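Structure provided below as structure tokens; questions to follow.
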Amino acid sequence: MSLVNYLVLSGILFAIGATAVLLRRNAIIALLGVELMLNASNLALVTFSRIHGDLTGQVLAFFVMVVAAAEVVVGLAIIVSIFRTRRSASVDDASLLKS
Amino acid sequence: MTTFEAPTVVWAALLPTLLVAGGAVVGVLIEAFVPRGPRRLVQVLLALLAVVGSLVAVVWRWTEVTAGSPQHVVGSAVVEDAPALAAQAILAVVGFVGLLVIADRTESGEGAFVAQAAARPGSVDEADSTRAGLVQTEVYPLTMFALAGMFVFAQANDLLTLFIALEVLSLPLYVLSGLARRRRLLSQEASMKYFLLGAFASAFMIFGIALLYGYSGDITFAGLAQAVPETVGMDGLLLAGSVMVVVALLFKVGAVPFHAWTPDVYTGAPTPVTGFMAAATKLAAFVALLRFVYVALPDMSWDLTPFFWVIIVLTMLVGTVVGIVQTDVKRMLAYSSIAHAGFVLIGVVALEQIAISGVLFYLLAYGLATVGAFALVTLVRERDPDGNVTGEATHLSQWAGLGRRNPVAALAMTVFLLSFAGIPLTGGFIGKFAVFSAGVAGGQTLLVVLAVLASAATAFFYVRLIVLMFFTEPDGETVAAVSSEGLTTVAVAVCGVGTLLLGVLPGPVLALAEQGATFLP
Amino acid sequence: MNGVEAMAPWLTVLIVVPLAAAALLWAVPPLHRLARPYAMVVSLVELALALVMLTDFDMAAAGTVQLTETHAWIRQLGVSYALGVNGLSLALILLLVFLVPIVLLAAWREHEVAADGEKVERRQAGFVALVLALEALVVGVFAARDVFLFYVLFEAMLVPVYFLVGSYGGPKRRTAALKFLLYSLVGGLIMLAGVVAVYLAGPGGEQGFLIDSLAGSLETSVWGERLLFLSFFIAFAIKAPMWPVHTWLPDTAQQAPPGASVLLVGVLDKVGTFGMIALCLPLFPNAVEWAAPVVIALALVSIVYGGLLAVGQRDLMRLIAFTSVSHFGFIVLGIFIRDQVALTGAMVYMVAHGVATAAMFLASGFLTRRGGTQEIPAYSGMQKVVPVLAGTFLISGLALISLPGLSGFVPEYLVIVGTFRVSVVAGVVAVLGVIVAAVYLLLPYQRIFTGKTADSLTEVPDLGVRERWVMVPLVLAMLALGLYPGPVVDAVTPVADGLAVEQPASISDAAEEGSAQ
Amino acid sequence: MNVTTTGTVVAAAAAPTADFSNDTWWIWVIKSVGILVFLLLSVLVAIWAERKVLARMQTRPGPNVHGPFGLLQSLADAIKLLLKEDFSIKGADKVIYVLAPLIAVTSALLVMAVIPFGPEVSIFGVVTPLQLTDMPVAVLYILAVTALGVYGIVLGGWASNSTYPLLGSVRSSAQVISYELAMGLSLVSVFLVSGSLSTSQIVDAQTQLWWCIALAPAFLVYLVSMVGEVNRLPFDLPEAEGELVAGHMVEYTSMKFAWFFLAEYINMFNVSAVATTLFLGGWHAPWPLTLIGDGVLNTGWWPLLWFVGKVWLGMFFMFWLRATLLRFRYDQFMNLGWKILIPAALVWLVLVSIVQGVRQFAEVDLRTMLLWIAGIFAVLMVVMLVWPEKKDGREDTAEPGGRADVPATPRHRTDVLPADETFDPFAGGYPVPPLPGQKLPPSPRERRRRETSAAVTKAGTTTTTEKEGDDA
Amino acid sequence: MTNPYVPLLIMAGVAAVMALGGIATSQIVGPKRYNRVKVANYECGIDPTPRAAHAGRFPVKYYLVAMTFIIFDIEVVFLYPWAVAFSELAVFGLVAMLLFIALITVPYLYEWRRGGLDWD
């Protein structure tokens, strides 16, 4: 199986994630979309790492995981705190700032 | 099979960053072990000390670097060169004043931050904790972490460090945005929007990094630059990758069309945080952007220039046009910051070495004025019918007649606004001048002309606020300028004097900035 | 620099004294009660200093830049703190320091009512402080020998004017101040682009902004020079209100307090024409040549259009503002017709118009203070009630429309003679402007001062002692300039000679002709 | 594809020692099916054994009807489950509802794939290790697959769209992830000393010394967290029948339920097998036996016996625990995981790494080092002995900084309320227990009783006179 | 050397077939009798709580546990490769990892002291 297929897959996943962030109105889903994007990047990194035959890409992927984890933690904290107030995680409901 | 070689770490060169980051870590421990009573005092002292210490360290490193040569610090991940140190120095200054404003509780005895962030807005819990006088002292370590991230962001020399630093500076800011004492819902909403869009942007960055790594097989800027002329046939990868990384940086900078968060977050976040964030993040992001474009992509300029052109024109246009119709001070300043981003970007596309010093100077002037302006916003408060001082009076009309009631505050605000507008004898003017002249030197004359027109238009909304403050009768006694505990006063004074000094005697600072006008690849 | 070093830094002293005085006044509240005498003393000291400086100035070499001071300011940007005066700038500086005490005296009794929340003393102190600050900045502009410094001061002087208009003006002062500021800012920022480009096109270095090092050494394409010229010219055209960018002036003049109007129209707007002479002509000679026809056309339009609009004004201050548009048309015409005589005329015109228009504004200010309105139809038959005021008004007006023997005549004559030597058509149109001038001045005089006195105005007093003392120096100056313009003409002729080298016609003949009449 | 070709330091150092080069596809199938059959049979036996062991420990007979010693009891149960109606409830999210038990059981079954059952043997003439497969990240694979198993539980609870299962699954996932941390940390020291994540190499590294002895603290942490991982008593909170009926399995019947049930028991085997592999020397024969015949018992099919024996030892340990211990309260349980096991594992890890570092990178004699360690340890113990005990766990409770003088709203918050506020035993109309810092008011009944008893004693001395008086 | 993941796939296939087969068998051999109560949620005889999964509220502690877990799990992820490559990374690796552990301990202590690990 050609390694390019992995790249295509990662591109598709990234696009799906981006679409989810942009189109889905639920903050949790948007967060998941971001995570999908990050993991798509991981896939691309690991594939490139294999193509180039060095470890840098894998190391990068490790760091991306860390960042993804940190983002989830911070993001969930923020979303949960909003959810507890509003009983809704919809991005559209959060519209006080629309001018 | 490769054998592992430990990278050489120049600890002395890391000292500024380590001081700030260490301050943050100690801050967390203080949060855990120091009893609540003296906690705030200890935190404030620690934070200020750490920032001052790092400033001293930066100065020391500056003398070393300008005397000797710039160097790579941790392998080739982090670089210590003059622009990085200059940026760190500015960050330390801005961070110091920012912290002063953050720490101030004003005469009303309550800071800008929520008593207990975990409490649900409007709940009994919240009322209890507010009444009990609790304070969320986590603000200080968080600010320090953000500052540490910015320190590294300015000296990141490979894509990984760039990404990590981006996250280290962003994540605390997401949280800080949600900690406003008043208008909690707005604040939380700002925090969420900032987070979602910020995470989106960083996902873009990492995918871009993946593509660039795939293109060059290297993640250092120098390696990338080397690979650009050598590699054949994967230009799509390179172009897409670099655009994605640049987009993420532009997001931090607040350039259109990646600006959507700016007005909301500036409005919703606690005002001291807004000031700090606006000034410091922009600086760090611009230095990183400059380094990325100048060091990693020097051969890409032809491909990227049209992209930057569109961004710059849009940024200036949106910043000015939308800014004109704003009725809220914080929103207005947000759009002004967007417009300023457009101006500074001209320095980025100039691709001239003098642009680096110009951008640094511009951002120093802008940073001082921004922190000062937002510091003043924290002081202008509403009053309820009983005469109690409540939240900030951010509607423009509420600022009417401030010049009568509080001439000093109004005058300081005027200085900052004039600096934003680029009126001579303020720092903003010299900054604009430096950046625009770099732009003309880099052959971007048309952009500079557009920028000049745009800054004339932005002047309109600054001047309008001045008109309101000085030439309009105040309506009733619903607005009052509270006096600070002293910290904000100091901050405003520092910013004001700094802004004027930069305008009248910019020579020494420009000389320093010029020493730092070359990036080490 | 080709100038002569001064014995003492007179120009810096002239800038620092009022600026420091203003800062002191702002910073020391106890001084507020004494603001008016304090400022008067300062302005008189300033006048004295200027006169002392005059002794240091070598009139024989009025064409060269003298009393120079040069210090590096922002080395990195090639900016220097360079001051120096030639005959023209000296004349304008003297005009300014001469007018400031008069303005202060004229405004002695103004601003005695403050809005709520503000003390009267503070308000008055603010006024005089702003006037002093403005004085310092304008002296600086006239003396600047560095493009950057010129630009900085050019922009900075907006701020005090803005506050003068915005805080002390009429009911619509806010809009007027905003309009003024925005027009000036737009012009200034366009100029900024030019300033940047000039440096890059010039020789560069640590003194790359000096006018003298830039003049003749710009390396640009033909179109580059034209664009640079335009960026400067637009700013100056806005400042010296030329049609079609004059629209801010009537509004501002209408709303500004008379004292501010005097400084604004009498001196400040001269910065525009001064800039054309001091920057555009030496820096972009080819572009000036290229643009001259269009500029002359615009100047002619200004002359006629300003005059015609002035005729139709109901508001006295607007009327004067429109006359100024017309007069500035003459000045610009003189500058761009590329004739030595006309250029000399334009320079003298700047001084003469400054005095005359100041007198006109102040007289009108006294009148409107008595009548409580600026509407011309509200007045009639005032001559019987306030004869002295009517007299000064008439004298100022006649000086303004260039009656022989008064200040306006010589320069206008010189400009028209010079114009005719170059272009008959332009000369004819200019003469047309002179005729219109008679209408726009005599008509309001007739309406206001002749006929039956309005009932409400029969009791108003004539000019008081203070007000007479305001008018006396002005009337004397107008007479002096009309009867003995020699010194001023001598001062500026070498400057004009230096700028218009390709026209070897004898300027002194024309000047003598003018002074003889 | 060779993993080591990636040119990595890590992969090369950690390559498995077991040699699978002879394997063919049918060997794989045989091994796979063998493992599955082994697991299924073991579960049947384990269920019977558990009931029997429990019964013995509680001095009752246990299953004894079906077959000899009731051996066929579990088989009967299995057939019964198979024949029950398999319905899904109305509100369920159908796909996930069915998927959940499948995930649970599949991931449970897959763990054993990388566990070495023994050294190389000959199957139908092919020399191959008694292990399906191995890779440089085998233990990571185990952790990954077990983590996948949590999805079975969570999704099962969620898809049922019912209260008890949802609560059970949330609890269960919280529990599993909490204990997974301690478990993961305890394993690091094993990798550190073995220098590999490959199971075969870890087993190989224990030829001389079993890690349960060398790394005893880590082994202890692992033992505790392993019980937590598989939701067994005393940590069976997710399916605490008294509170949650049966946790995530409430809404499952027939085979779907059977798979969940099976997965649990297989997981028990899995964790025992992992403990065996990582700590108990894997298939190595225990000490005295290794002396027999120059280690002949460590070759051929013999090790399978030791391996199975050790796994059953682990199983018995868990039966024993179930018979002995009571269920933890949830907060106790969480405290144990977060505040004891994780720090203990961390401290142990740091110690091991330092010792290992000193041994490898510095020229220090092992004896002196051990002496040093002992000294430091002793000092630490003394310090801990002298350290004053904290009176109250909550730091916010009685701190002077908070403005305790400000009256709070009438709601009980320990960090806001002053500690000595009077306790209202009927706040909100219900009888409530006292919060920390509050004291129960003296019971009225108690007082009455005291009075009565006082009266009685008094009566002992004075009644007569009173009576006399009354009578009088 | 063959790919070590192929046997895994085979085993996963066999296991999945077995699991699916079990459910299929019970579908075939089991009885089918509809009963309205049988397919309702189990709620101890009370009417089922509506929408347990969608609007249900959980103690915020569960989120806290999840978040803390993520942080420590990442720590573990970093520890594994380090442990394996311990001797190659030598002193540098040891010092770096001790620093890393120390830095992770700081928030852990913070959370502990601020009550983040208490469950009540």
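Here the chain labels run A, B, C, D and E in written order, and each chain numbers its own residues starting at 1.
To be clear about the criterion, a residue touches a chain if its C-beta (ideal position, glycine included) is under 8 Å from a C-beta of that chain, and two chains touch if they have at least 3 such contacts.
Heads up on the chains, UniProt names are A = NADH-quinone oxidoreductase subunit K; B = NADH-quinone oxidoreductase subunit N; C = NADH-quinone oxidoreductase subunit M; D = NADH-quinone oxidoreductase subunit H; E = NADH-quinone oxidoreductase subunit A.
What you see is a predicted model, and the numbers here were worked out from it, not measured in a lab.
Visitor: If you average the Cα atoms per chain, which one ends up farthest from chain B?
Guide: Of all the other chains, the one whose centre lies farthest from chain B is D.
Visitor: For which pair of chains is the number of C-beta contacts greatest?
Guide: D-E
Visitor: Centroid of chain A to centroid of chain C, CA atoms only: how many Å?
Guide: 65
Visitor: As a quick test, compute the distance in whole Å between the mean CA positions of chain A and chain E.
Guide: Computed value for the inter-centroid distance: 19 Å.
Visitor: Determine the centre-to-centre distance between chain C and chain D, using the mean Cα coordinates as centres, and give it in whole Å.
Guide: 92
Visitor: Quick check: how many Å separate the C-alpha centres of chain D and chain E?
Guide: So the centroids are 13 Å from each other.
Visitor: Of all the residues in chain D, which ones touch at least 2 other chains?
Guide: 7-9, 395-396
Visitor: Note the residues in chain E that touch 2 or more other chains, in rising order.
Guide: 66, 73, 85, 88, 90-91, 112-114
Visitor: So which bits of chain A are touching at least two other chains?
Guide: Answer for chain A, listing residues that touch two or more other chains: 54, 70, 77, 84.
Visitor: Under the stated contact criterion, what part of chain E meets chain D in this complex?
Guide: 1-8, 10-12, 14-16, 18-20, 22-23, 25-27, 29-33, 38-44, 48-49, 51-53, 56, 58, 62, 65-66, 68-69, 72-73, 76, 79-81, 83-88, 90-91, 94, 97-98, 101, 105, 108, 112-115, 117-120
Visitor: State the interface residues of chain D toward chain E in the complex, per the touch definition above.
Guide: Residues 1-3, 9-10, 13-14, 16, 20-21, 23, 25, 28-29, 31-33, 35-36, 81-91, 98, 101-102, 105-106, 109-110, 113, 132-135, 139-141, 158, 160-164, 166, 170, 174, 177-178, 180-181, 184-185, 188-189, 191-192, 195-197, 245, 250-251, 254-256, 258-259, 330-331, 334-335, 338-339, 342-343, 346, 349-350, 353-354, 356-357, 360-361, 393-396 of chain D touch chain E in their complex.
Visitor: Considering only the defined contacts, which chain A positions touch chain B in the complex?
Guide: Result: residues 7, 10, 14, 17-18, 21, 27, 30-31, 34, 37-38, 40-41, 44-45, 47-48, 51-52, 54, 56-57, 59-60, 63-64, 67, 70-71, 74-75, 77-79, 81-82, 84-86, 91, 94-97, 99 of chain A touch chain B.
Visitor: Tell me, which parts of chain E touch chain B in their complex?
Guide: The touching residues are 85, 88-93, 103, 106-107, 109-110, 112-114.
Visitor: Which chain E residues qualify as touching chain A in the complex?
Guide: It is residues 60, 63, 66-67, 70-71, 73-74, 77-78 of chain E that touch chain A.
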